[in-house]
Amino acid sequence: MIIQLETAIEQRTKDALVDAVSSRGYNCLAVDTQVANYLVCVGKKDFDIRAIGNLAGVADIHRVSDDFKLVSRTWKVHPTRIDLGDGVVIAEGNMAIMAGPCSIESEEQIESVVQHLLENNVSIMRGGVYKPRSSPYSFRGLGMDGLKVFHKTCKEHGIKIITEVMQVSQVESMYDYVDVYQVGSRNSQNFNLLDALGKVDKPVLIKRGLSGTIDELLQSAEYVFSNGNERLLLCERGIRTYEKAYRNTLDLNAVPLLKEKSHLPVIVDPSHGIGIRKFVEAMALAGVMSGADGIIVEVHETPEKAISDGQQTLNFGESTKLIDKIRKTFQLRESL
Amino acid sequence: MIIQLETAIEQRTKDALVDAVSSRGYNCLAVDTQVANYLVCVGKKDFDIRAIGNLAGVADIHRVSDDFKLVSRTWKVHPTRIDLGDGVVIAEGNMAIMAGPCSIESEEQIESVVQHLLENNVSIMRGGVYKPRSSPYSFRGLGMDGLKVFHKTCKEHGIKIITEVMQVSQVESMYDYVDVYQVGSRNSQNFNLLDALGKVDKPVLIKRGLSGTIDELLQSAEYVFSNGNERLLLCERGIRTYEKAYRNTLDLNAVPLLKEKSHLPVIVDPSHGIGIRKFVEAMALAGVMSGADGIIVEVHETPEKAISDGQQTLNFGESTKLIDKIRKTFQLRESL
Amino acid sequence: MIIQLETAIEQRTKDALVDAVSSRGYNCLAVDTQVANYLVCVGKKDFDIRAIGNLAGVADIHRVSDDFKLVSRTWKVHPTRIDLGDGVVIAEGNMAIMAGPCSIESEEQIESVVQHLLENNVSIMRGGVYKPRSSPYSFRGLGMDGLKVFHKTCKEHGIKIITEVMQVSQVESMYDYVDVYQVGSRNSQNFNLLDALGKVDKPVLIKRGLSGTIDELLQSAEYVFSNGNERLLLCERGIRTYEKAYRNTLDLNAVPLLKEKSHLPVIVDPSHGIGIRKFVEAMALAGVMSGADGIIVEVHETPEKAISDGQQTLNFGESTKLIDKIRKTFQLRESL
Amino acid sequence: MIIQLETAIEQRTKDALVDAVSSRGYNCLAVDTQVANYLVCVGKKDFDIRAIGNLAGVADIHRVSDDFKLVSRTWKVHPTRIDLGDGVVIAEGNMAIMAGPCSIESEEQIESVVQHLLENNVSIMRGGVYKPRSSPYSFRGLGMDGLKVFHKTCKEHGIKIITEVMQVSQVESMYDYVDVYQVGSRNSQNFNLLDALGKVDKPVLIKRGLSGTIDELLQSAEYVFSNGNERLLLCERGIRTYEKAYRNTLDLNAVPLLKEKSHLPVIVDPSHGIGIRKFVEAMALAGVMSGADGIIVEVHETPEKAISDGQQTLNFGESTKLIDKIRKTFQLRESL
């Protein structure tokens, strides 16, 4: 059960509400986000929620039987819009495109990608400065130094940044330099990180775990939301299956299901989803038709020289074509 | 290595060829299809194939390093066209639509579906008369009686039939009443059935196994082809993964990969691929954009009364909309 | 619901029983096995089964809520004993050992294995004459010729034979030469084959499918039983997972669960379960401690020369050690 | 390539070594653990390592072609012994038993378990104070307060503690109160946490990820080792597969493979591995026979009242029996 509180509610009224709910055997968690204040109430007994709905201080009340509450579309039927400023909005009805290299490598590399994005009218650049790598001996990213250059260059051209955060201490240090935090697959259930991201006022894109379920992804989003941050994006990036003909198995079934279960935007990552450059286009366009609100794709001036993920990264020519096709496909989808 | 033989080759010349290949440590299998005659040669040592290519009787020769040979695009670069007669062709560049109920239930049901297909200009009807069921106590289909009625009604209206064959003895008994044999997921590696289907001159659609790999699917097709039947279709219908939010996980990654590896048409089955009626449309359209040559979908006048698979079956209204959207999406894809 | 009928029941009494059950909305299937006669009744409404239990002709009656009925331990609490004659019995409380090559290759090979089995007091030899192979170009077994030699040699030495049957037509042709039919993983849901095996009076070992569930395995056994053959064995042989460090993932969790759900003996196949020779011993002994009633293992005089599966096949020295360790481990298990 | 340095090596000599290796195109990482000092050298070109082996300062040198180096058995053939003090040693040739509740709940609960362990001569108690939970609304553990009581009670009775650490900041705060840090499945690739655990001098048990591969588990251990901590334990606790009849699929294949690939002790967790109380015993004993060096099992005085994991937790009677059987089974294994 979710109770949205009136904006100017007094503490006394709020306490009375909590008491009323608790007396029915429910636990109450007060959640204050940048947008609104809620009580999330979890319990087992069923009762007529109108008895609570009529109390002072209640703006709205909803029963939510899912294990996830705040991210559920059951209570929040209007889809969430993520406004990054300067007219850049990720939301249902738009088609957000985020492109860039796997790893930030140098100022020159950033500039070449930014130029490519500007030419294609793309406003969000991806690029990792902290890289989770299976082996401790692999390149692990340029860190804060890289991020600062990344940020400076993008800022100059009005490009927004999405980049991966790997641990709690980075949430604060990265804050001034990112527009969207990305939680990677391996950290999809790093609950302390999710808690910490709930306490900042910047959007967070959460990637589905390597073998994460739909429910786990929504619960991970619930962690962030229930800590106070409701500006969230969900990302399907392929799951681990028995099939080894591709890097991952892009699970587009997830898209219509997530869109129905949650009010959050859903992004598809075809680069990791199939992991083979020449097939990225087909999977991106399939992602659009499955109902995605955005596509995140790996692009590099010279993929064959990229430090990481070169085999699944598009060059600028391929990227330009894909961006055009994404937009035309999205346009068709909206017209059907 | 595949050697395509000259049409009018004499047995003597053929024997000499086999000797020449065998002497290099290769095993030769003579494959005679309705279309052409081949020698499929499997061996380990590498040699200059021009030495064979210059011999009498050789129309064409190709090295194929894949485990599958005859179904590989390496040697047969022109995509296979499956002509069902009366202008019904399944092939790259078309968008075949096959629709109908999970199970054939009655003459009335067949007629209502045929009427629906005619109204939507769809020429191929699916419908099972032999149903593989996990439990021996479930409905197992109307069998030959059902098939005969199915065939009679469709024939009258120029509709082609695709229906599942479950065992060797049915290949012959069903022959006069089907246009395309379907091999179901559970029989995807029923090698005796595949052998038998290689000996008839009607097309065969092979579904990927429950947890079949891309390679296994191609090898299953190789079974049929190497027995003499090259009119084959491959079908992605969802695989078994850890995710239980849907019936199967539709693996659209398979589509561009199969299209690259093989010259055979690739069909997507979104009904089994997600198993939830309201999401079938999204996955069908995603399937089109992933590069499919056709869509096979479950349709019934009153899905809630269907004997089997009702939860994933479209009603006529939903089907009409979907067919229109498939065609528009395909049109866009071809124009990009 | 399962009704075991009195041995000398008259048709009239049986008909009355079926009527009584049918009138309560249940479907009845009469199952006559070599051992007893049953009515398997499937329906949805609940009623007091004592009303049926008191009718003439009923020897015993049980409610079975599982989807599988006849193979359930709910009604048949005494474990099934498979008596192969000559004192060879597979059953709970024994530890059956079945050993032999993947493929039957020659008379010499059979004789060397038989000799090895005799020296180790093993009474059941495995060996395939029909081999399901992913590729049509692989060796597919010696067929009936091989089986006849296999049978003759084993018969002379009192060794029982277990060998794979791949299609309906082989059930009859193989009948005189086998002691236990084996249904391979790829045919675990070949329902026509299961039906046919239900009509013979020789035991059948059913391997779990490549990615078969516990329930599907039990349902496959139900197919055979409900067709009239209750002499069945279940076999865990590894499942297909994302992990590729071994051929399959041996799922020993299946053993205690199958033992609880069903009265049928459970056999473990460590050779296919891990697929790496040096680890077969560890997995065989783990299988014993997990509660298996038998172990089936691949053995060959010179594994490195075996036509198939050499990489997971033990040589005679390894086999001798393993057999001894299996017995000691089983002895410990029974004493705990 | 791993170079073990002489104990008293001078910096100058070390620098010269690094130069010699670097000049051959290899990157060098200096790893100083509590036990020894190493250079881990990663590169692609092959050369005769004796050229390096003869240089000053080299105690030993080994080529390691695996992606993981320091945890590989290729160079360190003697198995690692984890000495917790007071005669408690986890190592090949022992059978470590770790038992206790899923969550630490109260002082009374701790005392009752400690008493149970003492009666059964078990020296290591498990129990979580930081609980990773899918839902933010679930009980997340007693935290440091719980840990302090846990530690005090165990210390008084000479019981060692293993408990989960979830984030970097806890590594230090928990340090005085734990004997073995546990990294849970969801943090198996939390690389920052692994880095931090490499810098402390207490042992770390790393659980395999939810769908972690053998290689990923070894690489995760490599992270800790290469940061300076070589006192590591690997834990198989079940993987995520399509089969939902149990909580996880205990993958005992992993045990002999890990034992061969690495010198680290391997622990099996049958409680999470199957997740069903009555089957925990069978899987624990199977784990012993598969070659495990220890078993970690959930035990609670009244499992039905446990805050978490009650359905897979043994009561004291069951635990007492299991501990005895584990020891007898281990004794047999060592005698075979």
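Observations on the structure shown:
Letters A, B, C and D mark the chains as written, and numbering starts fresh at 1 in each.
Convention: a residue touches a chain if its C-beta (ideal position, glycine included) is under 8 Å from a C-beta of that chain, and two chains touch if they have at least 3 such contacts.
It should be emphasised that the depicted structure is a prediction, and the values quoted were computed from it without experimental measurement.
Within the contact network of the assembly, the step distance from subunit B to subunit D comes to 1. When the interfaces A-C and C-D are ranked by C-beta pairs in contact, the top one is C-D.
Here the spacing of subunit A and subunit D, counted between their Cα centres, is 33 Å. Each chain gets one centre point, the mean of its Cα atoms, and the points for subunit A and subunit C are 49 Å apart. Centre-to-centre spacing of subunit C and subunit D amounts to 39 Å, using the average Cα coordinate of each chain.
In subunit D, the positions touching at least two other chains are 211, 215, 240-242, 244. The touching residues of subunit C, counted against subunit B in their complex, run 27, 29, 40, 42, 67-69, 132-137, 140, 166-169, 186-187, 189-193, 209-211, 215-216, 219, 222-223, 226-227, 240. Interface of subunit B with subunit A (complex): residues 211, 213-215, 239, 241-246, 249-257, 260, 273-274, 276, 278-279, 282-283, 285-291, 325, 328-329, 332-333, 336. The touching residues of subunit A, when paired with subunit C in their complex, are 211, 240-242, 244.
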